[in-house]
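Here the structure is laid out as structure tokens; the discussion comes afterwards.
Letters are used for the chains, namely A, B, C and D, taken in the order the chains are written, and counting of residues starts over at 1 for each.
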Amino acid sequence: MKSGTSNGYFGQALKRVEDPRLIKGIATYVDDLRLPGLLHAAILRSPHAHARILGVKTEAAKNLPGVAGVFTGTDINPACGLVPCASSMPGLKAPRHTMLAGDRVYFVGHPVVVVVAASPAIARDALDLIEVDYDSLPAVTNPEKALEKDSPLTHPDQGTNVAFTWLLANGDVDGLFAQADRVIKQRIVHQRLTPMAIEPRGCVASYHAGEGSLTLWTSTQIPHLLRTLLPGVIGVAENKIRIITPEVGGGFGSKLDLYVEEAMCSHLAMRLGSPVKWIEGRRENAMSTIHGRDQIGDYELAVKNDGTVLAIKARTIADIGSYLQLLTPTIPTLTGLMICGCYKLKAVRFELTGVYTNKMATDAYRGAGRPEATYAIERLMDLAAAELGLDPAKIRQKNFPKPGEFPFQTATGLMYDSGNYQRALKKAQELARWDALLRQREQARQAGRLFGIGLSTYVEICGLGPSKIMAAGGWEWGCVRLEMSGKVTVITGTTPHGQGQETSFAQIVGDRLGVPMEDIVVLRGDTASAHYGRDTYGSRATAVGGTALIMSVDKIIAKAKILAGALLGASAKKIDFRNGRFWVKGKPKNAIDWKRLGQEAYEAKNLPANLEPGLEASSFFEPKNCTYPFGTHIVAVEVERETGDVKIVKYVAVDDCGPQVNPLLVEGQVQGGIAHSLGQVLFERTVYDENGQLLTGEFTDYPMPRARDIPEYVIGSTVTPSPSNPMGVKGVGEAGTIGANPAIANAVMDALAPLGIRHLDLPLLPEKLWRAIEEKTAGRKMKKPRSQS
Amino acid sequence: MIPAAFDYSRPQTLEEAVNLLAQHGEAAKLLAGGHSLIPALKLRLAQPKTVIDIGRIADLSYIREQDGRIVVGAMTTHHAIETSALLEEKCPLLPEVARHIGDVQVRNRGTLAGSIVHADPAADWPAAILALDAEMETVGPDGPRVIAAKKFFVDLFQTALRSDEILREIRFPVTAKSVAYVKTVQRASGFAIAGVAVVVDAPRMTVSVGITGVAAKAYRATAVETKLAGQSLSAENMAAAAAKAANRVEPLGDIHASSEYRAHLAQLNTRRALVLAASRA
Amino acid sequence: MKTSVNIRVNGTSRTHDVEPRLLLVHFLRDLCGLTGTHVGCETTICGACTVLLNGQAVKACTILAVQADGGEVTTIEGLASNGRLHPVQEAFWECHGLQCGFCTPGMILASVELLQHNPRPSREQITHAIDGNLCRCTGYSHIIDAVQSAAKKMARPEKAK
Amino acid sequence: MIIQGTHTIAAAPAHVFDRLMEPAFLQQAIPGCEKLEKTGEDEYIAHLKLGIGSIKGSYAGKVRLTDRQPPHKFTMHLQGSGGPGFVKGTSAIELKAEGEATELHYSANVQVGGLIAAVGSRVIEAVAKKLAGEFFLKFSAIVEHDVKPER
């Protein structure tokens, strides 16, 4: 950081400025909005995974007092466009994703009828009065069987269940596999997950007929992308749409989409001339908000006997559900791009097939494609170490690029910006007291206990990204305005929803302007004030959005120097600036401050010729590259033989996200991210039965980590700045999730290794472990339970 | 999230409540703490025409010793049981089981009677009710009636309580400290995958074992009890007996645990509960 | 058929005619305008709707307003007194015990109840006390820190101001 | 979900088979059946009110019989829906003479959907078995009672 850094906010673990309203319960989430004349929408959803709709009877619902309207697909679909997908993958087959179901339903939860009424209770009562006659059809639920010739079709009109195929091939894969001493093969199932933000989705749409303008409040991560996409669905021009994102109660990627409900409420508000609100129930959330992961991969790693890894091959099937949401096809391609992990592989071949099934769509869920890559390569590295009799840490070190080799080009074609993987690994081993941990394992094993140590060295991709790799621009916008009073208004095009950028951005701007944080307000999440933005996902807000703010600050400072020069009788070049004060070189006693400059800039009586009034600047930052945070997680677990329960006895995380704006926030992101992985590794999974019924539709059936599941962490960091942006920051929103996953899984598999158990798929449920242990120790073959997929 | 509409009445006396129940019959549901009924109302799985709230009937919430037995009023919350010094002293299995139910908020509101009348096959209380040979006193149009624990749990969500009766009081024997409850929790819902309540009667050399979560209804593990009757509580004896914990029952299987794993946990938790209870003797 | 219900909410008497099916959480949010109490699920699991009813932490999504008739309710909005944050609120702020803030009101009230009867809880007692509250953002560590920190704050004699 | 079972009924297969084809008999035996009407050759409509504890629901359904080979076997197709969800299934029913009695074996592939599938997964199989058990118990009683006077 340069200029105006006197406050030293950067790097300080400051309390968040957004917290007072949240801890007092006076923040505004979508469901807290109250508008005059507000109507409430409720949606009747399909209980079938696949069925023809033979008829819909809505008369009784329409006649219920208080009901303003009941609409079927026939009523709404012709008046609206389709739900958009931003992927431009060649050969992609995209079904028509209408607002409500047409003559068929394709997944449990598919919206069929929408009711609008004077109260949520009336709307809910009306749903019970609607009769839908379904003719149920065979459902496609297994993505591998979906590729067989005689499989039923998710979308019969498409003639195939294949949505797309994608190939990433670089280098002499076959030649390197021929040279290999060994090939490590493993099939890995990355189970489907449900994001389960504690606040379900919801929106309120209000149409101003006089202006012809629409305002949509919605719990989303992407108000700006919505403003770009919504015109194509509801027929209102972009410049007549205002999207407001109030407080958002968690996203994790699940609110990174244009959903039918947002478009439909907008349409209904216009149609009915009253504002319309829809708040998702938890069951609806589980059924009809995107899911994550869900890939099956057959991986092969070519290795030399000394542990050198040569090349990797993967054939992957992604079960993408029945429709394309915004980034559905893109997510599994990120797995391909990151499949090399931290290692100097020379060649890669990643074959991906996206398959339609009668389930909810998958899309970005915390980590979005990278956890699958990291988990796969880190499992393979452990399997390689085990087969070759090498130390898991040493085999990793052997294949890391050296710090001097960055920027480092991977076999998949990415350019890792900066890294020192050795240092993070070493630090984690120190914090974990590695040698003592090994002794502890040895003692436990001698006592017959199942104790394991897991290691993961990860790298991920953040700060998305240059526009050429993004569907709708990878830049970010930011504006800084010095007000007439000397206060500072910061407007960001990113849309924080819990990450704390109102604080970290105020830190960044406060330092650079030399203005106290109390004088800074950070605005976000309203397209009327934040004119442009590409929003928050992929851990990009600080790296890309923060940089746009820095650019704007620098523009203001440059202009302020001209103004200060004019006021002090010197040229701008002769003006020094520090600590929020401007003076002519050598004359610091005659300094003027931002307050004075603000007044002068807007009163505009003493401006030099050709200088515009005001002190406001906005900038678009276009990064040249993504950022690549990395780190090492080390986990020790003990598995209880008789139950299969896993207890985490040690957790060490060393993450390198570059310089940390606010270490408290970084720690919060890391811990939260680890919790998502802890859930994924040990118990979370979305279960559809063989007929496509969703069996994990409530919190009572979808287990998530609770406080009691959380180990005491040892958290450390290293700092390797990124050359991709001036602050050198990398991003940390998903790092915990990406790094934790293989570390915990490897620890559990290490605990079971003495029994001769090589690999088990996630989640590592107690029953699954118990069965594996029983089979190896009691020697009895267990029946595969119906309920364990 | 929004229940279907219903009528509501809030009787002040048990007699009034019995009359209301007689009047409305099957169309009515009793509301105690509401922690079994209200979730079903919200999902509209239950749509009674009338809800009779017995929460304000005076003196239905009590824990006392009476004629050498422990009596607990129908409206007594799990929390009251969890924190009762009397129970800790005279019937310690009850506070131990209470601690395993749901979470703090649920225990603050949910009631003993509400839970056992709902007869969820994975609820915690039935294991204790069975192991302790509790007695349920009901009141109906024909006056009071006492139902023994063994006859109370009829089937999945079904008890011996008639639709015109109200469970008024549950009676437990005074026991020694040699009791235990060992539960494998379904981590999403908090219900039991396998919950085993054990009462060791050292002087008589008998044990009683109640198991919940495993089958369609909670049951007494009589094979375990028979095997241990008159035997010393050695580790081997207890293990051998515990192996019979799932004999003659059909364990349920679902996405959280297969029937095979449930049977295994029934045996394991029985052994562990026996060992724990014996250690407390 | 509507029923008149009177509940003392954060010290203010509130009387409304309500349908018997109205949940306490909707009474608070829709009739009292106190939207700090949140709804995250339908099955009494997440705890976002936790309030104190007659001093006890309860889930307001699983109580009918008619059941709370005559009772006293404290919501998150009623926790601060005379413009000063409750020590638990302060501690959540200082320890970064929240991110999106949606679970926070319920989490804070569950913690307040714990500290009412256990002023020096262990880590295990804290996790037990907030077992009925899900948080998807923080990973709980900072929440546990916050409750421990609040306990210390509350144990210290109030500084004269 | 596959539900199967075997029941012995104290009557000859031919008699059991005939009774299984008579709506009036079936209605008495089917748990919660309020209406069962023949609507065509081997086709029926049914109205059921079923409750398990406080979870109660009304269902309307269609029943179709195929592969009818008296008195040995038939296949029953059932599709029904109601407030809490839907049920769809196919059951193969086989009858074998076992002395003077009939051994009836059924094997049903049942699909349950909607709210009941989602919230009831823990108990649905138990409920289905219970209902099937209740049906055959009652059916046996009716059929046996029905034939006894003729001996």
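Everything that follows uses one rule, which is that a residue touches a chain if its C-beta (ideal position, glycine included) is under 8 Å from a C-beta of that chain, and two chains touch if they have at least 3 such contacts.
Quantities reported herein were computed from a predicted structural model and do not represent experimental measurements.
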Leader among chain pairs (count of C-beta contacts): A-C
Innermost chain, taking as reference the mean of every protein Cα atom displayed: A
Distance from subunit B to subunit A - Cα centre to Cα centre, in angstrom: 44
Cα-centroid distance, subunit B relative to subunit D, in whole angstrom: 33
Rounded Å distance, subunit B centre to subunit C centre (Cα mean): 29
Geometric centre distance via CA averages, subunit D-subunit A, whole Å: 49
Junction residues of subunit B, two or more chains touched: 1-2, 4-5, 43-44, 188-189, 253-256
Contacts with 2+ other chains: residues of subunit C: 19, 21, 39, 42-43, 45, 128, 131, 133
Residue numbers of subunit D (touch at least two other chains): 83, 115, 119, 121
Pairs of chains found to touch, sorted by chain label: A-B, A-C, A-D, B-C, B-D
Interface residues, subunit C side, partner subunit B - complex: 1, 3, 19-21, 23, 39, 42-45, 47, 50, 56-59, 61-64, 66-67, 110, 113-114, 128-129, 131-133
Sites on subunit A touched by subunit B in the complex: 120-121, 124-125, 128, 281, 642-643, 683, 687, 695-696, 699-704, 706, 767, 770-771, 782-783, 785-788
Subunit D contact footprint on subunit B (complex, rising order): 29, 36-37, 40, 43-48, 118-119, 121-122, 155-158, 216, 252-256
Of subunit B, residues touching subunit C in the complex: 1-8, 10, 31, 34-35, 38-39, 41-43, 51, 53, 55, 79, 102-106, 108-109, 188-190
Sites on subunit A touched by subunit D in the complex: 47-49, 108, 128, 134, 136, 283, 689, 691, 693-695, 697-698, 700-701
